[in-house]
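Structures follow.
You will see two complexes here that share subunit A, one where it goes with subunit B and one where it goes with subunit C.
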Partner chain A sequence: MSETSAEQVASTEALVAERKPRRLKFRIFRYNPQDPNSEPRMQEYRLEETPFMTLFIALNRLREEQEADLQFDFACRSAVCGSCGMLVNGRPTLACKTLTSDLPRVIHLHPLPSFQLVGDLSVDTGSWFRGMSERVQAWVHERAPFDPEAQEERMDDELAQAIYESDRCIECGCCVAACGVAATNDEFVAPAGMNRIARFMMDPRDGRGRRDWFDVISSDEGVFGCIGLMACQDVCPKELPLLEVYAYLRRKALGGWFLGGK
Partner chain B sequence: MREATRVIDRMRTDPPPRGSRITAPDGRKQVLYEVLASGSGAVLAVFMWGHMFFVASILLGTRTFDTIAQWMEHVYVAQPTVFIVLALFVLHAVLAGRKVPAQLRERKRAFALASDLKQSTRRWTGGDALTRPHAESWIWIWQVRSALLIGILGSFHILLMGLDIFSDLFGRMEGIEAVSSMARTRAGLVWLYLPLLIAVEFHASVGLLRLAVKWGPGNRLSRRTLWRIEHVIFWSFIGLGLLVLVVLAGWIDPPLAFLTGDGP
Partner chain C sequence: MSDLQRTDVLVIGAGLAGERCAMEVAASGRECVILSLVPPRRSHSCAAQGGMQAALGNCVKAEGDSPDVHFLDTVRGSDWGADQEVARIFADNAPIAVRELAHFGVPWTRVRAGTNHYFIKGEQVAIEEPKEKAGLIMHRDFGGTAKWRACYAAAGTGHAALYAIDSEVIRLGITVRDRMEAIALIHDGERCHGAVTRCLRTGRLGAILARATVIATGGHGRIYGKYTTNATINEGAGAAIALATGRVPLGNMEAVQFHPTGLWPSGILVTEGCRGDGGYLLNSAGERFLVALEPEKQELASRDVVSRHMMNEIREGRGVDSPNGPHLWLDLRHLGEAHLTTRLREVYEICRDFLGVEPWNELVPVRPTQHYSMGGMRVNKDGEAYGMSGLYAVGEAACWDMHGFNRLGGNSLAETLVAGRVVGRRIADALERTATSADIALVDQAVEGQTRRLRSWADRPEGGSVYEIRDAMAEIMMNRLGVFRTGDELDSAVADLRVLRERLRDASLRSTSPGPNPEIGFAIRLEGMLDLALVTAEGARARTESRGAHSRLDYPARDDERWLNRTLARWPVDADGPVLDYEPVGLLDLPPGERGYGHAKRVEMEMSLEDYNAVVEAAQREQGRLASAEAIGSQLREGAWRAAEDGSKA
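Presenting the complex of A and B:
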């Protein structure tokens, strides 16, 4: 078994090595809002493709070899930190997990829309997520004063899994950038925000009642802003089940409406 | 550089909202609007199916068509239906229409996003863009376009039907009858009904799919299955609708008339 896979790897590598490397053409959005002389423009760069090259490798080589002041963000380079979201040939995704071999020879890179531009490909997702967390109060509201002596309450395994699933969001902002509503309405909590709401709504340790949540979700800034375009789920690099989350929130809003009260 | 200015146009200019908790002072009203927007759409879609089966009676011959039309007017189903459908039509247009961005600048952004996402399937050669392609945002733009078409052609059609049912302006008597329906279809209305048919079937089948996804039941099925169901619904009604139109326009005789022994 391991023998065959080793063979397979060897033959794939041989194939890759045999092919003449492509000369990639990058068209990268350049603009530094801090610099009064800077003008928004698209700039072209050429780079020879290497086997298993990711955009992380490509951009770093460009910065090292051709354009020292090119701005972009990376930290983990393994789809964990969420800092490298950008538009790759029109699709919001993580640059670090994007292989150049999945792209044609010409690669267009734009910053994620719907966020504030820091410069070139770098956008400020941090402030957006911070603001969103404050707006939905994304922390556990204690029901009773914390008792360090008491045994921790038990949680259903399935529920714990569902909360964990929501918590897998790495705050990359790809879903926000892909959402047509977030693009047109700055106040909309957007996909990642709705996911965050659902995460705390599900949590039995959170003291907020039906009434409190109803006020958060039942508006066009909340879940009714969503028109079911489904882009968020289709681009989420962590493949979160976002549509299920919204349907859950909608049903909760409907329930809150019927039941009223607390 | 058009491309670069377009990128800039799509960036957020104001800092994101901070601190202020989102709370909906009129949450109860908002749910009501949402339920009415979705509900009126769903009811209209189901009505359109029923409507299709009734007009399809023309396939069985003009006499069958007239019998059904007269019966519906006789028991007073047709008359209130005109008003109810007109009311739902207006309600739906107002409530669902609220979701369309009001400003041109906003519409341009949504448009750029949708077209980028759709085209990315062709601008990638592998990976996510091919395994998880995304066209639904683009389809929403066509949902709005089809809505516009329905708004214009549909109002005209409903008005005409109202006049026909309540007056003797058309045909030999008050009410709908095959002879006058066929005459006006042949006289040119067929070219109005054809785009209306396509727009309605598209708008309704996609709308129902979106409803299923938004409220939950659709998420138990894969996206592919959902679209397959949508396609079956869409093409079935397009097929039936085209056949009905061709008969109404008098281009072919009612193909099933032999079943009722009805003449053309």
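Presenting the complex of A and C:
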């Protein structure tokens, strides 16, 4: 069945949804690297849909009622912790906030690509993000040690809000999974990495100047590696303005090149 | 054995409290390893929304604020159950903790000079914030506080704080072993030497030997099953493994906080900042019922008080019917789209994603939901366990105990950082004084014990489902250990939880796949959760009074004559239930009195404060409290609240 006809089925079924709950068909990627007898495969499960069913509810029901060793990750189940990124019908997204009623009757689930597989739908985003943070040194490079007696440094609220805007990334990995460059180049800092760089670059508390940043961003592993597919912004569950982030970084990189910077 | 690691300090849990504690240890030059169920930034600290309390006094509505006023609010909020010395340490250090977070990069919302529009007690008010305060850290109003004190970054305060702290952990090069759980403590009956671990990538057991071990596993809201705002990982593993030593008591486990505004029916949190910024609670008739019930504080009384009023509305038939049961409304419409998509942005996103609702157009269905565990591993003011040296606890996993029987909103986020700083430093100091190493036989014994435990699960004949037992536990906890409690229901809860423990012995696994089998992981955590549930029920049944969040319909008065104390529950090895003891709450500086909201009956203490205070030290020592770096009472500034009391009424 093609994707289009699946959607048509879904919309037809939505019309009668009030009378008759749908019987969902899940096709889920299964592979347990710890089990020598396990082979990568797609496995099929059926589940009756309930009102306001999310993939958090559906996957837990599948595990508790049908497949006790099914692996997946959830923690907050409110779209703030970033644990549950996965491919839902081919698109990277947070499973916990995905309502089954927004999906066709047949639901394909795969783990996020570009990350090490832990098992089934679970991937190791933690190691990737720690590695990225170490690489771009994603912390405030302090200019003076903290003085517990002193009043806080002042900051304009507009600037605080701008920093908060890119600080909202929850490291779910959806943008990395959607990135064509990250898929082929392990060295690419990827959208989440570039957003992190921009976040510290605009923060006046960080003592790094243009020269410090130049090597990190002005290369094929940095902002000039991006080939502009922009799937990252399309899939970002937090709706981060990643396009603006790249524009900002390119301006900064070019400024650093021509002007010499600080 | 497969995996044995040695380190100076083992921190179990990578939320704000654990990571801040680890930073302090690492800064002293000691080696530190952090264990975490999930990558650190996914810890439940990230879900804290509305704010972090610290008396900076930066905006007009915060004028006159000070740590003294914060101390007063905290003790009153606790319904006098708090250790007042700890409340003092906390209030004094909270401003430092908030400013330190600014130093680490948290983009706190800042004061905007000029005319600002706020909603206060149902009225829109224009307030002129002075130029000289421009750019300082802004505050918002929260429940149970005399001043605006909550510092915030939109409604993502916990997220911003956790990312800043974890950045520092990375900068310091601290090892974090994520996807790894601690399933038992290694100890010799007197001293803790680390923990037996289970890897959630491979399922393999291992051990980490440490000279100091810190429990920083957060709360145990999941003993209420789905009726909690907590993440799925808040299963109380730290409290459970401490209890399993047979030596270490848990404090005040019956003190369970219900947050007034859990989204109904999913239980997802919507912050108290909604009401702090002017949101209303409405009943089915569309009435703001709290205006009449709490004329002074209205929607911003403490959480225990607001939750009780809400449940009374529902019990008296003024709830809104829904297929999932009755609820009330949170009305944010008047705050407007601009405010809701900026300063309460995460609330707007939750409403959109999980309800399909625009909160500036529509009402939000809410109901009191389990939210916070005031109880936890009992520790002294250095964070060290009662009854076992070398074992510490910080944050929600600990009963330190600054929250007593009710925590104020925004105080827990501040506690994580204050406790992390203080306890981390105490641990670093203690390492200078102690030179211990564990007998390797002790380690083998502990790992073998856990291997047998896991094997016994794998070898069981076909039996009941662990998930059915979890669901039965959740119904008992929510229906009989909820906002209101009665003796009959508590009797039946204790009996039924004991039956569930029997049923768990006959339950079996559906899968024995090798590797990080999620079912066996849950099964062993459920054993601990049922222990915590029974300790909670036993403590609640024994406490025949109403104090803070522990509200007995059959004993409606707060009884300072009999119950101005802290419950301590130990579970002797191989016993079939906990043993309860009691200790004085700590030195009293602010005498027990009225909270100023949620007016309730009281039985006054006949003993004088002096007589009460005279026995605290000996009574606590008898319960296993270890000596702390400074003598008891050294941090209390007697009577300092007197001057503050006048200010706090302004």
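In this text, the second predicted complex is superposed on the first by the 243 of 262 C-alpha atoms of A that agree within 3 Å, B and C clash if a C-alpha of one lies under 4 Å from a C-alpha of the other, contacts with A are read in each partner's own complex, and residues count from 1 in each chain.
One rule holds for everything that comes next: a residue touches a chain if its C-beta (ideal position, glycine included) is under 8 Å from a C-beta of that chain, and two chains touch if they have at least 3 such contacts.
All of these numbers come straight from a predicted model, not from anything done at the bench.
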| message | For A:Gly180, using the defined touch cut-off, is the partner it touches subunit B, subunit C, both, or neither? Pick first, second, both or neither. | response | first
| request: Kindly classify A:Gln71 by the partners it touches after superposition: subunit B alone (first), subunit C alone (second), both, or neither? | output: second
| query | Which holds for A:Asn32: it touches subunit B only (first), subunit C only (second), both, or neither? | reply | second
| query | With the two structures laid over each other on chain A, which partner does A:Leu103 touch: subunit B (first), subunit C (second), both, or neither? | reply | first
| request: Look at the residues of subunit A and decide whether subunit B or subunit C touches more of them. | output: B
| task | Identify the partner contact of A:Cys81: answer first if only subunit B is touched, second if only subunit C is, both if each is, neither if none is. | result | second
| request: For A:Arg130, select first, second, both or neither according to whether it touches subunit B, subunit C, the two together, or no partner. | output: both
| A:Met202 contacts which: subunit B (first), subunit C (second), both, neither? | neither
| message | Under the stated touch criterion, which partner chain does A:Glu171 make contact with: subunit B (first), subunit C (second), both, or neither? | response | second
| field | Doubly contacted subunit A residues - partners subunit C and subunit B | value | 127, 130, 134, 137
| query | How about subunit A: which of its residues touch subunit C in the complex? | reply | 32-35, 51-52, 54, 63-64, 67-71, 73-83, 97, 118-119, 124-127, 129-130, 133-134, 137-140, 142, 146, 148, 150-157, 160-161, 163-164, 167-168, 170-171, 200, 203, 205-206
| said: Taking the touch rule as given, give the residues of subunit A at its contact with subunit B in the complex, in rising order. | reply: 27, 29-31, 39-42, 87-91, 93, 98-99, 101-104, 108, 110-111, 113-117, 123, 127-128, 130-132, 134-137, 178-181, 183-187, 189, 214-222, 224, 226-231, 234-235, 237, 241, 243-244, 246-248, 250-251, 253-254, 256-257
| request: State the interface residues of subunit C toward subunit A in the complex, per the touch definition above. | output: 38-44, 46-47, 56, 96, 98-100, 102-105, 107-112, 134-138, 153-154, 156, 159-160, 163-164, 167-168, 170-171, 176, 178-179, 201-203, 231-233, 266, 268-269, 323, 342, 346, 349-350, 353-354, 465, 467, 509-511, 513-519
| Touching subunit A in the complex: which residues of subunit B? | 1, 3-5, 7-8, 10-24, 26-28, 30-35, 99, 101, 103, 106-107, 109-110, 112-114, 116-117, 119-120, 123-130, 132-134, 136-137, 140, 210-211, 213-216, 218-219, 223
